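One chain, chain A, appears in both complexes that follow, with chain B as partner in the first and chain C in the second.
And then the complex of A and B:
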């Protein structure tokens, strides 16, 4: 479907290089548009709510759906009046909708009409069910203790020989907290149910009333391994809300950092994948490469993960001629080593035996469930914002998307290797021809505005929707692609055996922090 | 029974208790070097044991006295196993008490105890580990027995000391039946000692664990005993492998001075064996758990072929 087909909604194009349209409509049109996008092969990027009432209690609640179409991103707002806080359920069209809708309810008390799952998702009993933290009247400083906490009702699998394994949230290794409830027969997984939200930090609430020019720091901490993507998405949203032009040199530096972040994470995960199959040699070697990579980040940009390097209007750190030389030299060195390690992985029979046909998500299943990002590309979903909707400097050179159709752990390993090589090519290209000029444009704090940032992070598309009112942030919604992919993981493991789960999980390596916010 | 016999017996057990962690440390060091990492000190396992013995032991509320007793039983089994395996000398007063078949039984007793103890606390991982441990154990035991039968066919005895004495007196040559049995023994050792490619002793992934899942609930001195017992088991297997397939240099009855030769010989052979183990571990990935039956069936088959070769060729 294309944007023009939505004649009934008056749409406004966002003033930026990004193709984003925004409009407001009533429930029937909202649902029809979502259905049309779904049928046209589009996807739900994010779904969030906002309290746009003023202090006197008049005004609306808003439910916004960000829909990706062939033309760009369509942000459709559905206003809800206080006496009718119900919006249509999007589950029939988008498989990732239920958890987003459950979150909207516990944050704002807006109900999806027709939804079947009413369990709390991020609220683990830390606040009462009738307290909605993102409503204007909630200060988040109230005394919220003393309410009853009920057990989370997992869906039980019954039958002869079925038993449950509860795993987490505290794990035997140092990883993020999440709970996995397996129903198994012997070693075979019949069903996996995830329970997330252990890292809920109330970032959405923290954003409220923050000065817009400081928000990038918090956005960059939503998920530490994706800090550049989040900070860039936030800045993109802020810059399009104010309509300023970012210097070309700053854009090139941002893209360079984003690709460095992608490589760092792929290096770490490839090592960890080897280690999960007890191939510790892989871990040791990839970690060495990653460590070198992060140290150069520290040297060039002042932070190992490049936190706070992307700032509104440009970047914090510049690259001098000496830095460019070091960067190019490291690209060549790493590429050489990565190719050697790739041969090692490819030709290791024991490793390939573990990787191949493990945790398979077929392209058909991936399309139905809306798998996105790197994992999606390994299952034949050829979506990559860098190639589909390139913002400068991505159109030059064009990004060659890495895809695979097998959808198993081996395919995700291949896509990661391919993406490393491609990112190295991009870095080399930009570093060799960095545009001259300033790295930061002067930015004045905007009084009001709305903007969306949409960036292909290493996991997938990161989206930030920013609403500014009276010179302060009214609502900042950060969306991690893990929202789309966590439910797919539940399907990926069905029929596999329990000891293969860590490998499958690591091949996706989804974010807990980014999801729980 | 002479005093030298008792000396070598006591020496064998003391040596095993003292050196088993050292072997562990050596293997870990080799693994680290081969992976290109800086290695922990060779004495790291001793430090671990020291730390664990000084820590409080926390026990699950639901655990029965069986849970507390199991580490002592397991440790006792392994110490006894080290006592009857000819480490330095073939003159061991304890040896007539238990032959090769009893040794397999001793390992089985330890396995049953640790598995029952794992299920005792009622956690999902304990049962998961116990199930996997028994699954591997019931496949490994026949293969180990078949290896011993091959060796005892050659020496016409199931007593370990006479097998080793007999083999040590054979002239240096490759015996096809022993070569088959040797490979089978290696496969069984990997499975029984929870090494890569069957299990991963260094894993932190609770869902893939076998041996580690069994002992997840243990802490403090109990865990120390189990870790020590695991080191003893590896030591016993290494000694067995050396005694059966490379016995030259071992001391025999009525020759106390030979112990002086046997000790460095054992050290050398152990060090080489540990390095080879580390090399194999570094080069391989852990196999899917349902490949383990194929792996151990191959071991069993090789041991049986060893037996058949002995019947056909008479060597």
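And then the complex of A and C:
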């Protein structure tokens, strides 16, 4: 890890194939390292806090920043003393920092010094502002009734003919809850402000009650559409903390499932995007393909969404010769159908008219705001963990990253089409040459340890940081790429018209559950 | 246009025969007729996500795909609770969604049915109860039928919806 600011800090490399370094430092070094990473084109993957006090007056609160650099992931810890619970504001360097920092305050009462937005984010007023659920003294069983939801001070746009449209939290479809406040003139959107947190369930606190060997089940339910990526990231963290080796066959099966999850979501999104542009045939056709896809998941792995299929030490289900044949046959059939449907989409003038130039995020804006994952790749941000920091079996074959520079709905459609074809290629390759051997290594629960899992889910990079102490989970932090991309959506819609919002929103398809936790 | 028509003709009708009910009762093609007798009209459903992981939503979406022929039975998802006969609620109910869920329920005209979806809708599932999660849907509004599963398969959802309607049967 080549960071000049960290010359005096000892960094430890995590014991896994993943390129992760970890170290602890004081505030000035912490901030200098973050600045250096930002200036070098790196990104803030996540920011979270932890209560590491032991109840006997020693130990600290910690704020951790996970920074992606050209070498790998740097997890930098900043211990805070009890009389000074503040840490440096990272907003000047990373656009995604403010909401993460507001959340750290709500969860632990730690303040970002220099931050300007003090509005509560995940706490809507249903529990007291000085109740910090992730502090050790909080049991999560306190009686918190009697608190009323408070008004959220949205930023108002003023001027002739400007008015507001409030939308949600209950939306007019089968959609997750969240609130959008549009300031518009005529039909044109001047400003969108999001209000999220409706699905906050206190997952981080819940982890503290889970045995570490069962945590993958909860991690796999942070965002149901990304269950394989989360479960894998959790297991990766746990396996790194324990230092065990996962059998090669299990790794191939995990990757195979991850790519199947990517394809399932892309198929669903491509259908829904057609539908949002009034091309109902697209929805019917893609949902038919997705259903075929999910049914084979059910047959091969015992679950349509592959929940609980990735487990600590390996995988739950194996694939037999007959399964491989069915899987390969389906890859061929789906590829044929997807190519035909892509032709229909490409040649449909009405559809392309809605897609092109709609919800545009230019590469420059994307870089400044830290757009990530699939949406980032559609705006020229060539980042994909599968290609950048491949863990087995990803280096063989190498992943051909799909990118585009237009950054509009059309580009996000194209990247999805390209990624389906690439994932099919990967699945075929692995399925045809599955390594022999066991699918699961025996695992004992570690007494103490720390590990990070980092996986390129279909939406973007999912990160899990797991800390085990006395055989229990002290802290499990699950990060969804939606944290980075929700703020960018507010920019993507500026200048577009309100009726295009569902289409633009769908083209990002961000997770509410994964963000709210 | 030719390609679109060709694709429609080539795909044909993929809808499958309806599933049998758990209690060994009628197939849901007959339920279509029963719906008219019981409700005097088609069944309209308003889906409310009260805090799920979004897995249940994926399966509710799947229920609307051509294989399950939902609208063929006279079942339709609608945008407003004021147009709905039934609320299909996924959980656990987060503390933040309790108010919106109660108001959605109040806005639904009587007589109304509530189907709680998934293990989380049943009792909070893996999320349980805590400072931000209230647990099952029945903590906030009365529930007629629970469809367990994580998430329940589309066929199980269909069975649950039909079971709720049949309970209204005179």
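Following the convention adopted for this analysis, the second predicted complex is superposed on the first by the 507 of 517 C-alpha atoms of A that agree within 3 Å, B and C clash if a C-alpha of one lies under 4 Å from a C-alpha of the other, contacts with A are read in each partner's own complex, and residues count from 1 in each chain.
The working rule: a residue touches a chain if its C-beta (ideal position, glycine included) is under 8 Å from a C-beta of that chain, and two chains touch if they have at least 3 such contacts.
The model shown is predicted, which means the values in this text are computed figures rather than measured ones.
Undergrad: After lining up the shared chain so the two structures overlap, which partner does A:421 touch, if you call chain B first and chain C second: first, second, both or neither?
TA: neither
Undergrad: After lining up the shared chain so the two structures overlap, which partner does A:367 touch, if you call chain B first and chain C second: first, second, both or neither?
TA: Neither: A:367 stays clear of chain B and chain C.
Undergrad: After superposition on the shared chain, which partner residues are touched by A:190: those of chain B (first), chain C (second), both, or neither?
TA: Neither partner.
Undergrad: One more residue to check, A:11. First (chain B), second (chain C), both or neither?
TA: Neither partner.
Undergrad: Between chain B (first) and chain C (second), which does A:172 come into contact with in this model arrangement: first, second, both, or neither?
TA: The answer is both, since A:172 touches chain B and chain C.
Undergrad: Please indicate which partner A:324 is in contact with in the superposed arrangement: first for chain B, second for chain C, both, or neither.
TA: Once the two structures are laid over each other on A, A:324 reaches no partner at all.
Undergrad: So, does A:290 touch the first partner chain B, the second partner chain C, both, or neither?
TA: The answer is second: A:290 touches chain C but not chain B.
Undergrad: Identify which of chain B and chain C touches the larger number of residues of chain A.
TA: Result: the larger residue contact count on chain A belongs to C.
Undergrad: What is the contact status of A:157 with respect to chain B (first) and chain C (second): first, second, both, or neither?
TA: neither
Undergrad: Which partner does A:353 contact after superposing on A: first (chain B), second (chain C), both, neither?
TA: Only chain B is touched by A:353; chain C is not.
Undergrad: Under the contact definition given at the top, report the residues of chain A touching chain B in one complex and chain C in the other.
TA: Residues 172-174, 281, 284-285, 288, 348, which sit in both footprints.
Undergrad: Please name which positions on chain B make contact with chain A in the complex.
TA: 31, 34-37, 124-125, 128, 196-197, 200, 202-209, 212, 216, 282-291
Undergrad: Show which residues of chain A lie in contact with chain C when the two form their complex.
TA: 124, 126-127, 131, 133, 138, 140-142, 144, 149, 169-170, 172-177, 197-203, 205-206, 209, 217-218, 221-225, 227, 268, 281, 284-285, 287-288, 290-291, 294, 298, 304-305, 307, 340-341, 343-344, 347-348, 511-513, 516
Undergrad: In the complex formed with chain B, which residues of chain A make contact?
TA: 163-167, 171-174, 187, 274, 276-281, 283-285, 288, 348, 350-351, 353-354, 497-502
Undergrad: Using the touch rule from the top, collect the residues of chain C that touch chain A in their complex.
TA: Answer in residue numbers: 3-4, 7-8, 11, 14, 47-62, 64-67, 77, 79-80, 92, 94-97, 99-100, 104, 125-128, 130-133, 150-151, 153.
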